[in-house]
């Protein structure tokens, strides 16, 4: 941590900052420049910040953080990529490639089984389906809740697919752990810290979607909440960020894939369906995600998108989905991934 | 709701949309333009959207919503401003003006009582103080939890101030209802729908902060979650939105004040401390908020900002806060508000 | 300037950075922290950056700028506020308050004179009117060009108002200097550096609008282009920035007013008409601007807004404008400004 | 165009809107819904908007545009992709793939020739190099101007590469047309309409970069300015947009590639160097661009990035660039493009 003093900071103000550091048992490293003085804090800066707000000291211009606040999620402390083994040969991370497919919302057993069949036929390894739906309006369809999870489990039974479903509260999480292979935490709950802590106390892999306007650092800190609770099996999912552009629902931040690969060892999945909100952009964005180094994709598939209770405009029907995976396979091969 | 067809939509595609409307017992109003056909849905569009995803129909260009999805929060359905009476003469809304002041986080009884004294002396009617703190990093100070609420209640006892405190989970909410006069739901939880629903089942006023990148419509829909649960005493709080600008922590959306006054009957408070993140901008932004029509302010006050465990750089000390309220009073008088 | 090395930077990499500094005749100030080494560049960093791209050196994590790149616009080098004297008692900056009013586009002499009359009657000191219009579509009305400037000059003749008009090219600038009292450079041209340089070679005051997504630092650097050319009479104008929010055309960054007052000595004007794009929000935002410390306002007034060729939805008619200035006067008095 | 009336609009207000349409010789198509009345404008809406500002009429809630304002750039009016033939077998668009490479700024003949050699060896068909540099600070290196163009022409002579260079003013454009094969208009000048019009009067292909916060519709309207002047050889270039995320310099909007392919027949190039600002992200983003359907790439190459006068951190050295094109070839083959 570096404390930058104002150009007109007095000697007393500089001394005051130095003393605050010494009082915490740390060492101030003072560097007098032509115009400004900067003071490095050598030692455990966490200890220092617990007792001080250096931005508030008189004469301080700004405080620059030199290192990241996340540790367990940080590649600097674990160079090897995390690989999450779901059993039966389904792995996420490393040189594996995974496709999660299914409807945005579980609407009925029949709809789900048709979707699962479509996912299976096209080669997807994991079935997605929302039982607890976070919806902007309280008057929109809110999901089948635990009944939806039962249907998901039945679909797994029949197809052998692994299953992932979103939880929107600690209660939903407590229900979901009895059913799912992966817990999903959605964009709106990325900083629902109670939910993150609760997920950290389970031993089920967690897929953490990026918040709608979360920075990559905030996202990795949110992963750190789960990991610091004891559950290190976290999968990140880029699903588009909010910008001023309106031709897509969100703006897929494709750079997040290489940035995450640079900063963290955790696997990252891309969701082109939510990112674009437009069916016809799912294929080109899926290819871009594979090419950029993504570890997998999450894609909405619905037996009859025009009747979907949620997110119909971006869902593929079974035929479109098979066509998509056929188009994707050469890209997955080219990047040397197992699918 | 208006469904706009593509320029090259076929007669069959147009007929298909019409039929989907008729099948829901509603009436399609078709208008053939020179280039495009548009179809109005006359009747209960909610019913229609429960069964159809018109964006997914072949030949459809886009779907335009004509009316808002929130009802109880909508000024169209309740023209008179909502006034929330906390008792002892403290009211929020109408021609009242309220100031909520106190530390970002409750750190100790002593720190809180000093803050409360400062708030009281400067004329604030409500004490703020965080017992459950949502923090980006799991390693940052997380709050005193229920002990913090006890201190808040004690500060109320001693000063007569009303108290407001943030809840970050349903569990925290269940504890807080036994202590606070106003429940605060923070920006990160604006779309924590389970928490909103739980707050809707209480009979305690709720202050709902705008999400860090929430649109005003999403914000009013979040208020609708609380109101549709039976609790119509909702206060909105603008606290800055996320933009690319870095000279302030967030960008205070001052326009939100008149926009909310146009769209809703709910009172709106402005938080210049979180919006700017910089102490010296709190005064000018407070004046701007009053001038723009805000119903109140929420301001961070700490007996010793340089030692604050959270948000020190934006906190005022007691002397600065008294000076601030003295500067604000002529503005509050000018807009004809009671303070 | 501070160069932060990576945690795993080698001694050779650190030496390499030091040498690059020494080779420029400057002094490297090396500080070895527990995890990272940081190197301060003492001396003329401009000289260093002309010859080096330190972000590209092996082992470098990041480069932190400690001081701003603008000098003439910087309050650190000129503490007193700049006051621009247009003659006849019209001054911008200091404790003066100025209102610029008129139509977005000059459409006809009659329309302009009616607008000028309205501006004059309501107390505005400066008439605005666009002769060269930057329009998103090439098929929209592009302005009367030099004929519009002639009408502006005639309106000045008849009313005694000072006049301001936008230039969109060096050619337009060359025409405008023969007519106007203030040259306006619009948001889309804030980084049209050739135009900025040309404006810097005139001796006519320049009002520089903030670019639609310009940071405050970029804005002050754009002002620096004009000032470094010899023309130090620059007025800044905040006109809203682009965000995701759609209930206003842009988001008025009200914090820009105190931030500019902190960083620069230049006067700042607020344009609530363009910022909001909505007539009924002009009054509350004008009041907010005054309260926040703005040096003036720019407001669209049109004799018949419903027929305006440009920006009708946000224009006030003459009666509305007189009512507005009457509402604003007590606020201007309260902040101790002369109007 | 659809005019949506307010729920409480009076019959007189509705009649007023209808009359305004009839007075322009057009036909109002009125549709009375349960809550609101909507009025379609049938006929030449441009004519209508030249004389009316319907948003300003009493009783009007909003005005919805149904069709785009750009025509020549619109795929609806020209389905076949535009292919720009630069001669000597170099084509942009269709199933061709093109790489433009070279330094951000031309610094010296030697530096440029080394870059050109590197570009040539790696298979690039076009040499980029900036002679007129738009720089945020007036004190930063501004380019060699016409001397830089001479060096570019000499590099073409020696290598056979086509050349592209940015113009930042009409004067620069007038110089550049004597040298370059493609004129580049940069992000900061995307809405410098005088420059766009001037470029439209030349017969040299123009590459138009997307403005730093331009919507795709604004971008296509900017292209329309050039095309409506008579020069239909426009190439679009996505170079990242401004968002709140700071781990990359801008956020590459990869979705812009399929969106442009949906809306326009013009070719689109991606610039991963400027989009990310980080050397190591250039390779994954280049692959993503190819996979998403881009017609080409623009990449910064410098013989010695650590000494580059501009944008060193994102430049590749010659060896890195050859390695990059080798990695990209299989992706270009996979999408069936000629390179």
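Every chain is named by a letter (A, B, C and D) in the order it is written, and numbering of its residues begins at 1.
Basically, a contact is a pair of C-beta atoms (placed from the backbone, for glycine too) under 8 Å apart; a residue touches a chain by one contact, two chains touch by 3 or more.
In this text, all values refer to a predicted model and were calculated from it rather than measured experimentally.
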{"item": "Equivalent-chain rotation between chain C and chain B, CA atoms, steps of 5 degrees", "value": "180"}
{"item": "Numbering shared by both copies at the chain C-chain A contact, with half separating same from different", "value": "same"}
{"item": "Of B-D and A-D, pair with higher C-beta contact tally", "value": "A-D"}
{"item": "Euclidean distance of C-alpha centroids - chain A vs chain D, Å", "value": "31"}
{"item": "Centroid distance [mean C-alpha coordinates] between chain D and chain B, Å", "value": "39"}
{"item": "Touching two or more other chains - residues of chain D", "value": "213, 242-244"}
{"item": "Sites on chain D touched by chain B in the complex", "value": "2, 4, 7, 29, 31, 33-36, 38, 40, 42-43, 61, 64, 66-67, 76, 242-244"}
{"item": "Interfacial residue positions of chain C with respect to chain B in the complex", "value": "213, 215-217, 241, 243-248, 251-255, 257-259, 261-263, 275-276, 280-281, 284-285, 287-293, 330-331, 334"}
{"item": "Footprint of chain D on chain C - complex, ascending", "value": "46, 50-57, 69-70, 134-141, 168-172, 188-189, 191-195, 197, 212-213, 218, 221, 224-225, 228, 242, 279, 305-309, 311-313, 315"}
